[in-house]
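In structure tokens below, several structures.
Heads up, the next two complexes both have subunit A, just with different partners, subunit B and then subunit C.
Take a look at the complex of A and B:
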């Protein structure tokens, strides 16, 4: 049976207008475009596939699940610390923390009890606040179940990538909708397969890592 | 998990120790497929650095291989270990995964370069590789890794599975983990790139010199238009990491040479001596 309340919650938290600062992050789209590796909608679709398949699904999603199931704050901070340790790129780590802290701040202002509790830990530890750990806390406050939290996590990534490409002038608004449609199918396929129990997080996005790490005289985005 | 958990007795077990103004090979245990012959003193700076070229009698890594290597670098010792050439990783039967575990311990004041030639993944290869580095405070370690794909029949066949885990520790504490786990090969812009490399330079707790070095390295690596690469600071002030990608392996290997030269100049004030024939990939 269609659950209108749950669907509306997904629309709210997955909306690109959700005020969590997502517009500041391109997750490598800006650098790849500047280096000539992203020039068309096909390129964007491929990079979104790479992000979703070779990082989000294999690294972020298992960590999100661990943090979501954590019994207490220390369980979430353990995931947060692991995200720091398992992200070799400094720019990626910095971006993840900034995005996570922004999302956490909004949830605290909305009165989320777990978010408020977790921010007390994050405010005392500069290396905490990674997006994936914060998403678990915030989406639990929002009343989402894990499957919904995974869906929103994947979708906000896709939204961020496509929206960055539009703002950089790589694709237009209509093409962006085509990309989103394609990413929707990729994400649905990934979500249909549960994360194996005990899966070790991994990622393989070397081009994104390089694009983000290269110094550039002018940037629109944080990552 | 400890990197040597698969094999209680590694096939290669080397220990380097400082004796006066030189480094000596204090322990030299090896068995098939590894072959250790003599060591070389090739560098004038640092004069105590010992070079070892590891050889394998099998000439390749095969499906059911379970390899384990252990390197211990004692206080004040300095060593550079490379391999005789690139390592072909041949097909593994269904359900079988080739394993290669490398365990590196560097004591205070020690310096170690683990700099093997690239791995060449043949169709249906399945490799699980772990490199575990424990670098004490006051020690330094440079570790390089590269792989490419090759289908001798040019039919676009891919390797089956590659899992590679690099764990960086300082006196037991994990500082950084870099883990990839991919099946076959990839599509899109990344599919144009057939060769990938990673290098890490560990000098735990010395962030101030890492930032400038990472910036200089990224600029130097940008000189090769056929190479896409950049350096970045590793978590927990472990050191710096470098990613490299190119359509051709030779550009990744040349980029790794640039990395090693920069690191040597940073640590010892002089570039490494070029070995004759060291540009050979296979």
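Take a look at the complex of A and C:
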């Protein structure tokens, strides 16, 4: 049965205009374009697939689940620290923390009780605040269940990738919708298979990691 | 120094002042002039820049020697200079909160926007007060175009007044038009290259933002 209230919540939190700083993160799209490795919609589709299947589904999603199921703040903090140690790229770590802290800040200002509690921990620890841990806290405050939180997490990722590609002039607005349609299908397939609670997180996205980590004289995005 | 705590001993947040305006109008030059003037008046200061590309303006200010480089933060705008100060100022808010945490006595945070056009405005969730900087080199019809930046800012600054005779601009009618489209709200003239008009801007900030006489 169609639940309008739940669907509207997903639209709100999955909206690219949700004010949590997402527009400033290209997650490698800018670097790959600068290196000549992303010049078409096909390239973008390939990168989005890589992001979703080889990082988000195998790394972010299990961590999101752990943080979402955490019984207390220390459980979320443990996931946050895991994200810090399991992310080799300094630029990626920094980007993840900045994105997470922005999302957390908005939720705190909206009065989210868990977010407010977690913000107290994050403000004392410069290495905490990774996006995946914060998403769990914020989406719990928003009343989403884990499946919905996973959906929003995956969708905001691909929305950000495609939006960055449009702003960089790699693709146009119509092609962007085609890319999002494809991403939607990939994400739906991934979400159809639940991640076991004890799944060991892993990722392998070397091109993306290098693209984000390379020092560049000209850069418009945080990552 | 002004009071940083209220009567109950609770620390007051730093005032946040936005500085927006078109590319090349002199926003960074204005910040570079404001820093020593504000510091000279005993105001504890920090700066955030929103660079369109990389952290160019932030680096320029950090290397200027005018302020502790640690007090200058850069926020990337993701090719969206409007968005980062208006629709989604969350990254700037976090940067300002971070400066307040690292420098507990900070009283004033200047937030320089990336160069943009006449339509950019600052979110009231981000700033307590915002200035918009245009320059005479852009033409004397800029105020007449009634861009939201020109009309809605708390203080309009018309910079590069020294260029007026060289670009065929008469300052008096330009100033009159600016005041007209702003219904008489403040407009100040500056020449940041020579520091002219800066004291008036600092006085406006002291009076209208920091509530110092």
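Quick note on the criterion: the second predicted complex is superposed on the first by the 222 of 223 C-alpha atoms of A that agree within 3 Å, B and C clash if a C-alpha of one lies under 4 Å from a C-alpha of the other, contacts with A are read in each partner's own complex, and residues count from 1 in each chain.
Operating definition for what follows: contacts are C-beta pairs under 8 Å (C-beta built on N, C-alpha and C of every residue); 3 or more make two chains touch, one makes a residue touch a chain.
Note that the structure is a prediction, hence the values are computed from the model and not measured.
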Partner chain in contact with A:146 - subunit B first, subunit C second, else both or neither: neither
First, second, both or neither for A:87, with subunit B first and subunit C second: first
Partner chain in contact with A:37 - subunit B first, subunit C second, else both or neither: first
Touching partner for A:191 - first (subunit B), second (subunit C), both, neither: neither
Contacts of A:47 with subunit B and subunit C, given as first, second, both or neither: first
Touched partner set for A:105, first subunit B, second subunit C, both or neither: second
Subunit B versus subunit C as contact partner of A:180, first or second or both or neither: neither
Subunit B versus subunit C as contact partner of A:203, first or second or both or neither: first
Comparison of subunit B and subunit C by subunit A residues contacted: B
In the complex, subunit B residues that touch subunit A: 163, 165, 174-182, 186-190, 193, 196, 200, 215, 218-219, 222, 228-236, 241, 243-245
Complex contact set, residues of subunit C against subunit A: 52-54, 75-80, 83-84, 87-91, 93-94, 97, 101, 125
Subunit A residues within the subunit C interface of the complex: 17-26, 98, 101-103, 105-106, 109, 123, 164, 167-168, 216-222
Residues of subunit A defined as touching subunit B within the complex: 32, 35, 37-38, 42-43, 45-47, 49-50, 54, 58, 84-91, 93, 127, 200-204, 206-207, 209-211, 213-215
